[in-house]
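Shared between the two complexes below is chain A, which pairs with chain B and chain C, respectively.
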Partner chain A sequence: MNITKEKKDDRLVIFIDGKLDTLTSPQLDAELKSAFEESDTVEVNMENLAYISSAGLRVLHSTHKRVKGSGKLLISHANGTVLDVFESTGFSSFLNFI
Partner chain B sequence: MKDKKHQPDNKASRPAKKLSTVFRRKLLKVSAVILLASILLIVIAVLLVVHISTSTLLDTQIFELTNEMHYYSETMFDNGNIISEPVDKMSDKELADILAIYGPSNWYYVDKNGVVVRTDNKSKLGVNAFEDPDLCVCCKELIAASDDNSYVETVSPEAFKSGNWKKRSGFSMNDGSFFVLEFSPEQYYDTLNSMITGICNYNSVGSDGWDIVIDQNGDIISPSKDIRDGWNFKASNINVKELNKLAKEKALFSYTVEGTAYYTEYAQADGYYVITLIPEAEVMGNIQLILLITAVLVMLLLTVIFLRINVLMNRLVVKNINTINSELSEITDGNLNTEIDVKNNLEFKQLSDGINTTVSALKGYIERESERFERELELARDIQTSALPNVFPPFPDRHDIDIFASMKPAKQVGGDFYDFFFTDDAHLVFLTADVSDKGIPAAMFMMKAKTIIKNLAQSNRELEAVISKANNILCEDNSADMFVTLWIAMLNTETGELTYVNAGHCKPLLKSSGGRFEYLTDSPDFIVAGEEDIPYHNKTITLNKGDALFLYTDGVTEAVNTEDTFFGEDRLKAALNRADCSTAGSICSGVNAELSAFAENAHQSDDITMLAVIYHGRRVFDEITVDAKRDQLDKVYRFVDRQLAACEFGQNDMAQFGIITDEICANIIRYAYPDGGGSLTAGFAFDPASDEVTLTFTDNGIPFNPLNAPEPDIKNVEDRKEGGMGIFLVRKFSDKLQYEYSGGKNILTITKKRLSKTGK
Partner chain C sequence: MSYQRNGALLGKKFTEYLFPTIISSMSILLASFVDGIIVSKLIGDDAFSAVNLAEPVVLFMQALFFLFGIGGAICISIAKGQRNEHKANALFTLSFTASVIVAVIDTVAGTLLIDPITHALCSDGTLYEYVKHYALFTIYGSVFMVVVPYLVFIIRVDGMPKLSANILLISNIVNLFMDLVYMGVFKMDTSGAALATVTGYVVGFVMELYYLLFFKKRTLKLIRLKKDDFRFLGELCTGGIASVINTILLFVKAILLNQIVLSTTGADGMAVFSVCNFSVTFISMFVSGGSDTMTPIVSLLYGERDYKGIDLVLRKTFIFVAASCAVIIAFIMAFPKLLLQLFSVTSPERVALGIPAVRIFSLSLIGMGICIVTMNYLQATKQKAISVTITFLRGLIIIVPLAYLLSISFGLNGVSMAFVFAEALTAAITFLICLIVSRAKKDKYSGVLLHERQTDCSALFDASLRPEAEQAADISDEIIAFCNNNGVTGKAADYTGVLAEETVEHIRFFNKDKKQPQIDLICRVTDSEVILSVRDNGEAFDAATVEGDDGEFTNLKMINTLADSVDYTRALGLNNMLINIGRT
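And then the complex of A and B:
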């Protein structure tokens, strides 16, 4: 998995390229933590994400809970299997999709 | 029946002559007979006319001559009383001298009492003259004639003929007495000959005819000798006896004098014969010319009639019959639409109409029969076609095999067939076959062969044994001497091993390892149902993923175009290599399209049968074992990705399998080996038949059934504790999940069907 970051207007955009699984989700966790130190609003662009497993979901879930009230986690360009996973697990009901 | 049939044949074996020839010959014969008969009749008629006219001519001549003769005879002897003085006063000598002016004769003086009182014939002196047979006629005539009269007695024909005759004349005296003079023939001739010599001198009939007067001896009296010399008439005597023998008096007859034939008549004329002759040549000269002209005219007339009748016959009968015959032979050749149109006379119109009615009735009957036959044939074709598997794809659940077959029957019911069926999950049998001959019998034989082969193949793995048995069964009661060629194969779909037997059939084409279609060139075994106990031989090749096989019957290679050229093996191979080989159906339709383009509108004489099989590969299985540690998991993930890619799975499938693998592996590390250590084995199996992947995860850690994990509450995820979604996702993305603890191992089996292929 490759992660790149980009500052855009009022937010920080994290581009994830590859798979978000047991092996790669700690890396995303770390990136998100540092990102929220830089910006209140972080957007995760999932356009090039192949899939997300429960490990990835856990990272997003914990991050969401952690920044709730102080910051904003945005998910963008979720598609295919990734979107399917969000919808079937109920994550689409509380995550902020743009 | 046979004899009856043969007899007319024998009659007919004589070459039949043309009607016109027969008619012409008959007509010629009849004409000839008519010609001869008419010429004969004309000849007879002409001869009759000639006879009558000649006879009339000669009769007249004879009549005149006879009259003339009588005239001279009367003149000579009818001079009345020449005795002027009284008879009593004259001596016999004086009387004789006076009477001598009539020439020498016997004389009788008969007194008024009828007694011969004076005579120079003493034998008659004193005889009653009225009773004397010689003198009585003359005496009676003289008495009747009264006085001073004379009488000349005509020589009686009977007496003349007998030669015993005398000429008599007499004259009466005033006193009723009379004289009778009696001349012997010599005396008579002596007196009269000189008188009549000239009668015929200038009197003749026709231009070259003669009149002749002869005496009783046949000596010619008239014409005179000098005249006859002038005529160059040498004879001086006519044979009277011959004359009498040749013909009666006054009858026409043919008489030859000095080499010349004459029409002749003769008659007695008072002690003479008068003869009149006219040369036959003179009479017939013109007649022959007339006859010739008449004959020619008759012949001409008959020729004209003959030609005219011939032409009429040809025009009215022969031509019509020929027309009818040629139209009939057209009908015989099968063109029942030919209408006979010879209607130039009533009889032929009736004949034409009769034939047309018969033909049209026959046509209707044939059409009805052929319609019925067509319907039955169509039914037979339907039965035959429906007996072949014809729903495609035939095995929609199987992805290791793509099979397509088609049979395009020729117009008649044929003997081609194909078949394919699984004998169990892993063995596919397929074949194409061709029964010799065509029609209903071949179709029935085909059904029998198909059933037997299928039944035998269902229960026997050895193809060569299947075909051997089928051969023996089909040989029994094969009364029609039919046989079948076939190419049959059994494919083990798990291994790709293909066993086949070729019983005299066309060699199929194999497209192997992504290459081109090539013929399987090994030599075939003997045909099936030809002879019992024939050995057949299995041949084996191995098919790889993507290999395709094309089977066909000779209807494909022997399809002809409008120029009678075969489609042939080379064109077939080229067509296959051009065809779209993505599916079995596209292979067949590619070949079919080229075949149709080649044949254009040429008549399809044989069934066209083809069968294509694509093998999508054998079952795939592989596995990897790693230490159950996080840093080893990547190896497992890459192994699964690699296998999926090799089986051409698409992105969606890759993602879902990725999730499944990640969740299971994480679980194992977390729960099976909470204290670390141990191994993890991931197995990957792909079955092209079902298009399913089976993932097997095995570990020898703590027994743990992940399927017992509680369902997450996905409604209030946000406030819940993180995690617990792993098994939920595995369940969501797999079709079947199975846990087993066996031999100290946790074995989790996940089965999942393909969603999409690469690029789709």
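And then the complex of A and C:
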């Protein structure tokens, strides 16, 4: 998985590319922690994310809980199977999609 | 990294079952051997002869517990492999009830008919009372003599081979101790020997009650049977039929061959032939140990249609049995005189007669091993007709006429040669029958092992792996690529990959801080769905109920969310998860 970051207006955008699985999710977790130190609003762009497992969902869930009230986690461009997973698991009901 | 299926998980399971199974066989044979010595020392040779004459009564009970024990174990394993828990429990309930009922009938009928039975067993007036007392006390204990060994088969199939071996071991130790008490202290006759055996089994039954009432690991349950469940009775009664016939034929063969040996070579030949029979009894501990270990594992894999797994277990069994036979053959070939001396065959005439006879006879042991393993394999995979054919060929049809004919020209060596030819011919005929069946029904079977063709499955992927994060991540890539290469794309392929990762990760987390298990993962593509079958030897879990207690989105939650259906069963101490993913 490749992660790149870009400052855009009021938020920090994290672009993830490839697979978000049990091996790569700790990397996203670390990136999200440092991103919220830089910005109150972090957008995770999933346009090039092909795969997400429960390990990736847990990172998003724990980040969402951690920043609730003090910051905002946004998910963008989720598509295909990744979007299906969010919908099937109910994550689409509490995560902020843009 | 490319993952291949290996025999690590099934090999470990085989080894885990092998030692207790051999201990079980050994304890029965040694107890019977020492029992004989105790009876002859404490009461006399006549009592020992009487116990041997009453053997058919014990053999009849053995046939009964083989019928329900082996038949039950095979059918239950197959049902577990098919993830049919209700059928497995119904088979357990039916076989348990049937074994109790036939044992009670045996007690009542045997007690009422004890005089005609004794007359049929013994024509010698001096031994009559000894035979009657032994038979009667054995019949009184029918319920324990049948139900205890029956349950030993069931407990083994329920994933507790050590407990089942301990039950037999302790039963036989108690038997020998009580022999000394009843016959030595209380001066009982042969009734004491029978009562000691029954007492041993009563102790075994107490251990089994603990299994039935308190054992948390027990997966088989006694259930209230529905009318429909009685249809399994036929399957149950024929499941172990080859083993039952084998037991009966062993007895018939022994009587006929003893007659042939006695009539052609007299007492000298009979003394040597007894040594040959002992070598069969000795090697049987290993041959039966290997094949009895194999049977429930192969039945489970047959139910799961895991034919590669069956091949792995069968190969391991053949290697073990062939190696055991090779060691015994090498010993007999190198030290025939020593073997004869062990059984007090020391006179120069008998030694001269015995050396070539036992050497030739020893060659039959390898054929015997092959035939018994093959018979058990075919029985475990529901090829009952061929399995029964093997039993009749080697147990009666070939051996008896051949022994008679060859003994006329070659004496005792001829009888030994008959064993070699009978086992070799049986193995060859079995191979031929399997080949013909495989060719004649090529739409149904593939190969000489008669593996059923998986017509509904267009592609199969299988791999063995360890519960490690890297392997969990890798296997999802491999599964997705496999699905894509076999016409499954998009959501179905991706979900299958995610589910493969989740199952491996679940097993890893569930066994954290414990011994890391091995995992076999099989993926099948059919026209309508993708089936993921995952087996591991870790801690038991129930896929439907185990959830994280901290509100986390666990691997099992993910599995239950994404899959169309999830089935779980625990069989032979293995977790088996079956996950279905629809293709649309």
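Everything below uses one rule, namely that the second predicted complex is superposed on the first by the 98 of 98 C-alpha atoms of A that agree within 3 Å, B and C clash if a C-alpha of one lies under 4 Å from a C-alpha of the other, contacts with A are read in each partner's own complex, and residues count from 1 in each chain.
The rule we apply is simple: a residue touches a chain if its C-beta (ideal position, glycine included) is under 8 Å from a C-beta of that chain, and two chains touch if they have at least 3 such contacts.
As the structure is a computational prediction, the values presented were derived from the model and not from experiment.
Legend: residue contacts after superposition of the two complexes on their common chain; A:22 is shown touching both chain B and chain C.
Of the two partner chains placed by the overlay, neither chain B nor chain C lies in contact with A:72. In the superposition on chain A, contact is made by A:61 with both chain B and chain C. By the touch criterion stated above, A:33 is placed in contact with neither chain B nor chain C. Once the two complexes are laid over each other on the shared chain, residue contacts for A:81 go to chain B and to chain C alike. By the document's definition of touching, of the two partners only chain B reaches A:93; chain C does not.
With both structures placed on the common chain, the touch criterion links A:53 to chain B and to chain C. In the three-chain superposition model, chain A touches both chain B and chain C at residues 19, 21-23, 50-55, 57-58, 61, 80-81, 85, 88-89. Residues 630, 633-634, 637, 651-652, 654-656, 658-659, 662-663, 665-666, 712, 714-718, 722-726, 728-729, 732 of chain B are the ones touching chain A in the complex. Across the complex, chain A meets chain B through its residues 19, 21-23, 50-55, 57-58, 61-62, 64-65, 80-82, 85, 88-91, 93-94.
Of all residues in chain A, those touching chain C in their complex are 19, 21-24, 50-55, 57-58, 61, 80-81, 84-85, 88-89.
Residues of chain C that touch chain A in their complex: 469-470, 472-473, 476-477, 480, 490-491, 494-495, 497-498, 501-502, 505, 552-555, 557-558, 561-562.
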